[in-house]
Amino acid sequence: MTRYLVRRLLGAVPLVLGIATIVFFVVNAAPGDPTQYLLAPGLRPEVVAQMRANFGLDQPIHIRYVKWMAALLSGDFGYSYSHSRPVLDVIGAALPNTLILSALALALAFAAGIVLGTIQAVRQHRPTDSVLSVILLFFYSMPSFWLALMLILTFSLYARNVWGWPIWFPASGVHSVHYAFLSLGGKLRDRALHLVLPTASLALVLAAGVARYMRASMLEVIRQDFIRTARAKGLSERAVVFRHALRNALIPAITLLGLYLPFLFSGTVFIETVFAWPGMGKTIIDAISARDYPVVMAGSFIFAVMVVAGNLVADVLYAVVDPRIRYD
Amino acid sequence: MTEWVPRSRVRTTLAVVLPGAPQLLSGRRASGGFALTVWVGLLALLASRADRVRAAFTGAADQRLAVLSLVVGLAASWVWSVLDTRRPQHVSEVGISQRTLTMRAFSRNRVAVAGLLAIGVFYLVALLTPLIAPYDPTAQGSLLAERLVGPSALHPLGTDRFARDVFSRLLYGARISLTIGFVAVAISVTIGTVLGAVSGYFGGIVDGVIMRFVDMVIAFPRLILLIAIIALFQPSIFLIIAVLGLTQWPATTRIVRGEVLSLREREFIEAAHALGYSRARIILRHLIPNSLAPIIVAATLGIGNTIVLEAGLSFLGLGVQPPTASWGTMVADGRDHLLGAWWVATFPGLAIVLTVLAFNLVGDGLRDALDPRMRT
Amino acid sequence: MRLNSRIATLFVAGGALVWAGCGGEGGAGGPAAGAEDFCRRVRVAVAAYMDSVEAANPVPDDERYGGTAVVGTIGELTDGMNALVSADYGSQQHQLFVNLMPLIVNDPETLDPLPYLAESWEVNDEETAITFHIRRDVHWHDGMPTDAHDVAFTYLTVTDPRTAFPNAAFWDYYVKGPEGVEVLDDYTVRIRMRPHAEFMDPWRTLAIMSEHLLADVPPEQLKQHPFGTQCPVGDGPFVFVEHRPNDRWVFRANPGFPPALGGRPYLDRYVYRIIPEQTTLLTELLTGGLDVYPAPRSDQAKAILDAPELELRHYPFRNYVFVGWNSRRPQLADRRVRKAMTMGTDRARIVKALLKGYGRVANGTLPPFHWAYEPDSLPQFPYDPDAARALLDDAGWIDRDGDGVRENEDGVRLEVSIKYNQGNQQRQDVAEIMQAQLARIGVEVHPQVVEWGTLLDQIMSPERRDFDGVVMAWVTEFNVDDRDLFDSHRIDQPYAWSGTRNPVLDHYLDTLQLIVDRDKARPVWLAYERALADEHPYTLFYFPDRLDGVNRRLKNVRMDVRGEWVDIKDWWIDPGQRRTR
């Protein structure tokens, strides 16, 4: 196992660097460059040329690549063209916001999904299963940004202005304008309120997917002989489900976790846009449009690192949980 | 033993005149109802749009395809109904095939059958769209009077901000979404299954290399690739299908690999080894078919996912480009008018939900039907 | 045993994850470290000085003082408060009116220059030098006085080519380099120039930057300097507090702002929020999360009008939307074809339908605020499909094969593509409407959406010019200069989209920039606009009104062509309607 792990880690390094290299050349190949954003009356070509020189863009691409790679390996991510601040600052400010949102949504989705899937499997052929199936399918089939807009309409705009509910949720931002002046309790409450709608938009759709998967997995496990044996032994249904069936049914769920990890970054893009959530997804998209190469590179690099590491974790968990799996 | 039971004359006549009716009467509601609906619906279409049908014979390619579908649809439902009525009723008790078993199990699942029928209707409607759609999807009405008008008699689902009929755009958008969904997933599932089975079965270096490749594709920031491609090339449906298909297969690979890893240790595979079967045969005829259930689940989830993903890309402006109507672009168009004209975004969104729902119902039903342990 | 080894592997995996995640940070030396030092020193100095000023100037006893105003828009202030490198509207407005100070501001009615940082100025008789007298009571927020050295430094840096100042063209007629500026004493500075029209206008657009903080920075590195977005130091009515990228900027009132200019602003705090989604912006305005929502979409206007606590400001602005025709293309080389395109499009209806009436049809390149704007004296090009068809017939484009699209005598079809950038709803609207309307006069139009960077590349690079028509908007300054667009001497430069070669236009364009006296210039402007209408390089669409949604609790807000933030230091909030604290 340890040998496998070390091998994977060693393999991960060229993998990540390879991805970063490909992204570098792909983005640089796209026409246009950061200076073309300043379409203003009288912007002279000489000025543009000077800007490019100031950015270091007048050098040939392979030299730029080498310089960038060298800087990357020593931890210097460079300066953002469109934000005029160090890339690390830009990403460092955006990353926690995305992580909070997506980690929370993932956790909620998995918790709810596992519970619902198990309930469905245990109550198969009864109305509970069918009803839950339909409801979950409905949410699963929804585009998350559309759900987000519906939620804003209902729980933010209408709730406050039309129906006059006592609790309504804010439509955007991480916290309110007057956040700095709140007490600690007030601050927590404010943050929580701002998290509700974005997390709900993400989690509802995800949970449905997890529940379906969990249901299928549980159903497979419940059919197996060892469950019959457990029941024959006289164990309570509860023990059968929780101690025996569930643990085995969780295996595909772990696969799912590994698959959803890249989602931690890209999946929140739509939600971030609708809720003005200052996170990674939006930062990278804006950077691409603005040809802000340093931010795009750094974002892709970090994304790749996280995903590779996440997959590794998933594989390890997989092996830990299922003793039948051996890695040669 | 087969027995040939003579059909009554009434039934045969009924089958000729009103396909689907005799099947309905004998209790086979799904197939009978479907055939009857198709027959009646297509006849109604022919009657109400006779002039368009006539024009379509000499029109553009997709118009001729629509007429062809109309004719084929009518013929198929008629022929099927007549033949089915005259078919012997009893079937041999000896040797029920795997396929029959599956189909029977599936047809017992009412929701799944409903989903399958819905998909059939969607694709049929997509083929017949040039005949059904009341307006041209890009035709703009009066910009002053007819923009953002709610559902009404003239426009059953309202108009968008260019005074274009939402219903017609919805129909044309169906073709795009359904095509993209199907083809992209076909590509990705094929690639994913083969790679996953090979990886899981062989293990070792092969597994390592393939999984490394999978890691790379998963870790690759898809959005960046998409944006760069849209910037570099002219965005087209082919390009989008290609990119979606070529970046979605890792999911299937992992699933299949997981299944194969478990199956690999089972006794029947050991038996196959002992019998000296070639590796290819083991993979193709034993491992993959037994992993079929998660593959199908993956495929149906995949189609739904792809349709939703395409909508999301259009939302960001990266998908199918306007003025082509795809459901995704319609939701994006309507997003800005949610507060004042909810119908522009709601109906395409509902269309997405219903279509994806149908695919998922079918996938679930198939999976349940294919699992031998669930047929008791 | 096995359990232990499993736990061990879990730990290793966890550690690997942490290591991989932390791999990128740390070890960041070089520019980042220098930036931190700079900002730390600056913040300490500002905090110390502001404390002392606060103590010396208590808040006056007037109920108008207090409260926080919040403005929300889509765009981030990319270069922040660094006026030496920035050009975008939002940043400029904040530099001029919030955090820094320009030498002059403009009169709300006449747009004539008024004293601001410059107390007074004189122009010599030959009109070759301006002598500015700087106010003595303005201080940078770290305590140093603002004086003539700052003005000289700003001027030198801006005219230095190494800085790559985006609006360098504004200073074309000024003498660059050390010969152009002379510091006579601490509060007097003389700038040299060649006589030209509207020579005071560039000073309106440039906020003066601090010499003592930035003089040591090499001009090429100014854009990356943390001063702009991390720790700006201004001398204006509001002091920088914090900036969270893509989230918000926070400023607070400067108690030491000169009483002669109004003294401490009424607002305690001002927050600029970045919200990338227009639906959300409207929601926030309607629910009270925002006080001002600049530039809502025209279809959002109704919601603002209907809300009793909000008001909709609208006023003519500085931009216009047009379709630029590439006359290098054979189908578009004949001006009759271009005129037919204009007359075949119902522009008046488009303004009514798309802008809900908040705008007016454009028939010339002078915007409504301009002193020489006389729309009725220009050819109107009304919607007249018959006249358009006649023009096309004249030009030899006739539908010879009955397919609804015209061809010329060689059989080439009259097909044009109209490109627009993705993400811009207005421009998409224009392209799609033209397609439908021009089809009726026998022109086949293909709208084509292109990603912004790619589109710029396609239209701007002289070798490519890969477009037939492009939907664009153009923002003018108060001094309108169309030379980059239509002067044939600049035909190989990026902005010569239309490829116009017209010696009459050239003549007007060159002379207009040199006529100082407005009365002499007026007839020349008219002649120029008429000649432009005849050459017809563009189909001009409309001058959209600038819209702003403002909460009525915000008082004393005046918005006009000078910008939304022009008198932010005079805004105050109804005491009964302030936010929590």
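So that you can tell them apart, the chains are marked A, B and C in the order they are listed, and the count of residues begins at 1 in each.
The working rule: a contact is a pair of C-beta atoms (placed from the backbone, for glycine too) under 8 Å apart; a residue touches a chain by one contact, two chains touch by 3 or more.
Remember, it's a predicted structure, so these values are computed and weren't measured experimentally.
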| item | value |
| --- | --- |
| Shared interface partners, meaning chains that touch chain A and chain C | B |
| Longest centre-to-centre distance from chain C, chain (CA-based) | B |
| Pair of chains whose C-beta contact count is the highest in the structure | A-C |
| Identifier of the chain whose CA centre is least distant from the whole-structure CA centre | A |
| Distance from the mean Cα position of chain C to that of chain A, given in whole angstrom | 35 |
| Distance from chain C to chain B - Cα centre to Cα centre, in angstrom | 49 |
| Cα-centroid distance, chain A relative to chain B, in whole angstrom | 28 |
| Where chain B touches two or more other chains, by residue | 227, 231-232, 335, 338-339 |
| Where chain C touches two or more other chains at once, by residue number | 279, 451, 453-454 |
| Two or more partner chains touched - positions in chain A | 12, 30-32, 149, 157, 273, 289, 308 |
| Residues of chain B defined as touching chain A within the complex | 111, 203-204, 208, 212, 215-216, 218-225, 227-228, 231-232, 250-251, 254-255, 258, 261-262, 265, 294, 297, 301, 304, 308, 311-312, 315-316, 331, 335, 338-339, 345, 349, 352-357, 360-361, 364, 367, 371, 373-374 |
| Interface residues, chain C side, partner chain B - complex | 278-279, 282, 297, 299-300, 302-303, 349-350, 352-354, 422-423, 425, 428-429, 432-433, 435-436, 447, 449, 451, 453-454 |
| Complex contacts: residues of chain B adjacent to chain C | 138-140, 143-144, 147-148, 161-162, 227, 230-232, 317, 321-323, 335-340 |
| Chain C residues within the chain A interface of the complex | 2, 5-6, 8-10, 12-14, 16-17, 20-21, 23-32, 35, 68, 70, 76, 78-80, 82, 85, 87-88, 161-170, 220-221, 223-226, 228-230, 244-247, 271, 273-277, 279-280, 283-284, 286-287, 289, 451-454, 456-458, 460, 474-477, 481, 484, 493-495, 579-581 |
| Interface residues, chain A side, partner chain B - complex | 7, 11-12, 15-16, 18-19, 22-23, 26-27, 29-32, 130, 133-134, 137-138, 140-146, 149, 153, 157, 209, 212, 216, 219-220, 223, 251-252, 255, 258-259, 262, 265-266, 269-270, 273, 281, 284-285, 288-289, 296, 299-300, 303-304, 307-308, 311, 318, 322, 324-325, 328 |
